[in-house]
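Both complexes shown next keep subunit A, but they swap its partner, so subunit B is in the first and subunit C is in the second.
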Partner chain A sequence: MLRFLGTRLARALLTLVLVVTFAFVVLRLSGDPALLIMSADAPPEAIAAFRRAWGLDDPLWVQYLRYFGAILHGDLGQSMRDGRGAIELVAERVPATLALTLPALLIKIGLGIPAGVYAALHRNSWIDRGVMFLAVAGFTVPSFVLGLLLVLLFAVQLGWLPSGGQESWRHAVLPVITLGMGGAAVLARFTRSAMLEVLGQPYMRTALAKGVPWHVAVRRHALPNAAIPTVTIVGFMVGSLLAGAVVVESVFSWPGVGRLLVVAVSNRDLAVVQCILLLVAATMVTANLVVDLLYGVLDPRLRISAGRT
Partner chain B sequence: MAGAALVEIRDLAVAFDRTPALRGVSLSIGKGESLGLVGESGCGKSVTWLAALGLLPGKARVTGSVRLAGQEILHAPPATLDRVRGGRVAMIFQDPASSLNPVHRIGRQVTEALQLHRGLSGAAAREEARRLLDQVGMPDARRRLDAYPHELSGGQNQRVMIAIALAGQPELLVADEPTTALDVTIQAQILTLLAEIRRDTGMALVLISHDLGVIAETCERVCVMYAGRIVEETRTERLFAAPSHPYAQGLMAALPPIHGPRRPLAAIPGSVPEPWAMPPGCAFAPRCPRHVAACDAAPPPLVAVTPGHCAACIRPGAVSARAPLSPELLPA
Partner chain C sequence: MIDISRRALLGAGASALVLPRFALAQADNRPTISIAVQKISNSNTLEVLREQSNVGERIFFSSLWEGLIGRAWLDELKTVPLLATEWKRLSDSAIELKLRPGVKFHNGDEMTAEDIAFSFGSSRMFGDTPATAQGRTIPVRGDGIPTRAGRELPPEIPAVARRSWPALERVEVVDKYTVRFHNASPDVTLEGRLARYGSEIISRRAFAEAGTWFDWARKPVTTGPYKVVEFRPDQLLVLEAHDEYWGGRPPLKRIRFIEVPEVPARINMLRSGEVQFACDIPPDQIGAIEGDTKYEVQGGTILNHRISVFNQSHAVLKDPRVRRAMTHALDRQAIVDSLWAGRTVVPKGLQWDYYGDMMVPDWAAPKYDPKEAQNLLKAAGYKGDPIPYRLLNNYYTNQTPTAQVLVEMWKAVGLNVQIEMKENWTQILDRNGERGVYDWSASAPFNDPVSCIVNQFGPNGQAQQVGMWSNEESNRMAVVLETSTDHAERKKAFRRMLEICEREDPVYQVLHQNATFTAKRRDIKWKAAPAFAMEFRANNWGG
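== the complex of A and B ==
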């Protein structure tokens, strides 16, 4: 068990290192931050001074090592825009993003999983067809289209809810629904097919053949098996709690991490972009780690056998 | 056994999406009797018993009658069926590894049946589960209670399936190709085990197989199925001595001889008609060496050729395909 944890942790750390490196290289190669931050007609001396101040004159690998060393000390650098700490800038946006993504996650799980299970149990009924139609629709309509449709209907036409901003909980309703619906659709489809797969397994027939009532067989024999693949998707959703709202935050002018990322990328604000990428990668990697551990709990076949032949 | 049938199936027919799979099967099995059901793949052996126990998916259309000790159980309410299944009629399947739930321990899967049919729980259920695993010859039964199916071999898993089946002390065990997925030595052990259990408990046994040798070793009576119907029904030694239906005769001729010189197997020429393109008359007619025009008029009914020996053929043959069954193949 410890060895299992050890390899998983090592792999997670390696992933993080790769993400940091990748982000560093891509961003440095994609344009000169000095030219982007300073206006193009700034005097050459000012640009040179900016370069020197931010260490942009040094060879790439020196910049990389310096950056990496700093990260190990918990220093993710300063924003090139306003000189504040990147961590501080990102951290103050995290609550706003979670205020959207956590309730959305509840909707996804609370709506998607029961809908998928129900559809599978009533396969080919009109309810199944209805659920699957909504699921395919929710799956294929991009979130900005859904967001705009909701704004048109509830903000512009009916005037019930605000179309953007962050002043009250009412401002969160439309973005949360936009995020939640798309995810619920994905989860419903996935849960349904996982359930159908399990319901067709010979052990379900065995359960019924020994006299287990249908609803008990579903609860005791089907659901625990269907949970195994479903956990993967839920884990992925948990992993994208921070990064999953980029589009929706932009549509609804919600000042979260996603919007900060968009602004920072277009400004080549390297420290901030890297800080966000690192944070997002860390959430994903952590979620993956938890999913791996959950697999072991849910599926005895994946458990490290405790000295049994 | 007349009049005292334990299970009596009459005109059982099953269709999947309008394609008939079973086309009027009638058979009965007496208390404590052992009946073999033989026929090639797809002829409806499994569907017969899955339909009888209401275990087919909802898209299957099932008609006819299935009586258990006189009581109709086809389309019976779920609560009735739940008491019958595993309680009075148990069924085990071909692939033991996938027939057990991978996420539950063996012990739990056995005690679940004990709880349902004998009201046992806790330590009493666990102790009884251990006793059942012992009874089916599971080595180190107490420790196996806490094992998962993937930690056991195929043969051990089939023993667990049998233990689960025995948990409800059924009057009939339907074993659907219980040894097909196992290797030969384990096959023999499982068949011996089934025979022993039947001797010790007096339970009736239906053994489904496409292997006549397996049936000969285990069953007193045998039904030969072809394309969704029973084409011959008689005592096992009688079938081996004097098969009457040309299909049964073909099966016999295809058996490798136990004694005497080796000879090439006589395969039956042609193939089974597709279920959606059944001939109007006898389904075996296109392959039949004794085929005449009258065979195509209507499916021949299953009628007695001699007392206790029925065949669904308008020209039942007495042609003996092979020497009488060697004594060591007969059930003890």
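== the complex of A and C ==
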């Protein structure tokens, strides 16, 4: 088990290093930070002096090592537009984003998994077809379209809910539903497929042939086995808690990490973009690590095989 | 979100006019309004010397910043006394102003001559730049550039300040309520410069007490009718009534500017009642909004022309004939008719009617003449080499569709212009990479050509500061415009600058006059100014 955990941790760290490197290189190639920190009105002498002062004249690899060393010391740099620490700026926005993505995750899980299971257990019934129709619709309609439709209905026509901003819990309702419905649709489809596959397995037939009641066979054998692919999708959703609402935050003018990312990218606010990418990668990597560990819990065969290698 | 009824609106407007000062401490029934805007501030600051933009004008005037001389936003933008009550010329290069007594800053301090001198001093505006700027581009020291956490002026501030005040030598404090502005050279436009965007007054004490320059620029302490209570960059700006305002109690309790980048979202917020105003409405949406009789769209042409700027040193564009061909290839009226539904006009070059006697009435934008454009290209030996065209995605209303139309019109005469979408102004002006043409707009902050053609394309104009263009004769004419007191000579110099900058050695071409449209609830008694500025003082609310 320790080796299993160690391997996964090493992979996670390697992924983070690659993300940091990728972010550094791509952002440096996409524009000169000196021109972004200084105004367009700044004269060339000032820009040259700035490059010297901040070591931007150094070779890229020297800058990279300095940047990497700073990260190891917890220094993620300063925002070029705000003059404040990038981590401070991003941390300010994280609660707003989580205020959308956590309830949305609950909707995804609470709606998507039961719907998928129910549809699979009633395969080819009108309920199955109805659930899958909604799932396909939810899966294929882009979030900005769904968001605007919800705004037109609930904000403009009915006047029940606000259409944008972040003043109260009511402002979060429409973006949470927009985020939640799409994810629930994805989960419903995956859960249904996983359940159908499991329900057709020989061990299910054996269990039923041995006289195990249908609901017991489903609970004891089908659900745990179908959980593995579902957990993978849920893990991915958990991993995108921080950056999974970019479009929805823009549509609803919600000041979260997603909007900060859009603004930071358009202004080449390198430190902020790098900080967000690092946090998103860390969340994703952690979620994947947890999922890997859950695999071992859900399926002992994986745990044993990992222990043997 | 506070919902305001029609009765509350009318009542608040009336009470603002009649309530005596002793009533201020009583229950505050004034409404709070919310305004959805595309952008609050490009620079994430609220400092007039840093945020010199159309969107900045909207949040600054007349709510936050005030100068010694101001503008009547609802009366043809006439210059009017603001923080100064009267002024007189002492000479061609000096002017004396009497300050309005009893003006209080947002921090409660009374405005005195010391604040005026400080506002126009080296610590706040000019750094160590000299007051002899005419005719040459200001050099700005490049060493010792501070971090954004420091108190030092960002290096662009003196450059911007000298663009507005190239030869201001000093401000003399005569007494508590009297100041004299001394210019290093004669200047008939001193009054205009005092009225322009960037010449506003700050509290000396508040500036000194701010921890960093950025702290100051996020919450400037001024004399305006509203003060900053909350500024969340890229999200929200909340202004609150400054009840000690010299012009009387402001009619609104609070003004909230909410940044909503998407047009449909802004319109939806208006229709759902979350905001009372939605700005930056494209002309093609006006009919749909006004289809509901509860709403109306106000606005129209403003003192700003959409232009495109040429890079004189580009391999293809260094031949002025190619630039001239580009100017003749455009059917500007077709753009106005199709993309603006005729709600704006093709102007007579880079000038406005309010220049008055300085206007060159027989001037016009280059004639739409594809044949002439083709002849010029042939004479220049143009072989179809690509010309990069940098622009932002709809920073200006209709910017992207206009650019697409321009490219097709240029293509029709044989020009190979390639759009390069950029994400911010720094990328537009970036000296690295191939610079050909870029989108821009030019304003006239006061009623003299110096405010625009000299300000933008003179020796200290941005085009020259970023190394796009230079013309020795035009620069000489700019100096004449700035320093001569001979009206006829100045007028001649202006015409010559137009000839050079728009025809002979084009640095820009005018596309159309800019226009801005604001959607609002019809029952709110408020009028849009012919400007980006939004007037929210008692004279424009509820009456």
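Here is the rule we go by: the second predicted complex is superposed on the first by the 297 of 309 C-alpha atoms of A that agree within 3 Å, B and C clash if a C-alpha of one lies under 4 Å from a C-alpha of the other, contacts with A are read in each partner's own complex, and residues count from 1 in each chain.
The rule is short, and it goes like this: contacts are C-beta pairs under 8 Å (C-beta built on N, C-alpha and C of every residue); 3 or more make two chains touch, one makes a residue touch a chain.
Owing to the predicted nature of the structure, the values given are computational and were not obtained by experimental measurement.
Asks: Could you look at A:S143 and tell me whether it touches subunit B, subunit C, both or neither (first, second, both, neither)?
Replies: Touch status of A:S143: no partner.
Asks: Who does A:A209 touch here: subunit B (first), subunit C (second), both, or neither?
Replies: A:A209 contacts subunit B only, not subunit C.
Asks: May I ask you to decide whether A:Q201 touches subunit B, subunit C, both, or neither, giving the answer as first, second, both or neither?
Replies: first
Asks: Identify the partner contact of A:T97: answer first if only subunit B is touched, second if only subunit C is, both if each is, neither if none is.
Replies: A:T97: touches no partner chain.
Asks: Check the contacts made with subunit A and report whether subunit B or subunit C touches more of its residues.
Replies: C
Asks: Return first, second, both or neither, reflecting whether A:N225 touches subunit B, subunit C, both chains, or no partner chain.
Replies: The first partner, subunit B, only.
Asks: Mind working out whether A:V151 is in touch with subunit B, subunit C, both or neither, as first, second, both or neither?
Replies: A:V151: touches subunit C, not subunit B.
Asks: Identify the partner contact of A:D299: answer first if only subunit B is touched, second if only subunit C is, both if each is, neither if none is.
Replies: It touches subunit B, and subunit C stays clear.
Asks: Touch test for A:S240: subunit B only (first), subunit C only (second), both, or neither?
Replies: So A:S240 meets neither subunit B nor subunit C here.
Asks: Can you name the residues of subunit A that touch subunit B in the complex?
Replies: Residue list for subunit A touching subunit B: 201-203, 205-214, 220-221, 224-225, 228, 298-301, 305, 308.
Asks: Give the list of subunit C residues in touch with subunit A in this complex.
Replies: 1, 43-44, 50, 139-145, 147-149, 154-156, 159-160, 212, 214, 232-236, 258-262, 264-265, 268-269, 271-274, 423-432, 462, 465-467
Asks: Using the touch definition from the top, list the residues of subunit A that touch subunit C in their complex.
Replies: Those residues of subunit A that touch subunit C are 31-32, 35-50, 53, 78, 80-83, 148, 151-152, 155-156, 159, 162-165, 167, 250-253, 255, 259-260, 263, 265-268.
Asks: What does subunit B use to touch subunit A in their complex?
Replies: 50, 53, 55, 78-79, 82-87, 90-91, 93, 95, 98-105, 112-113, 116-117, 147-148, 150-151, 161, 164-165, 167-168
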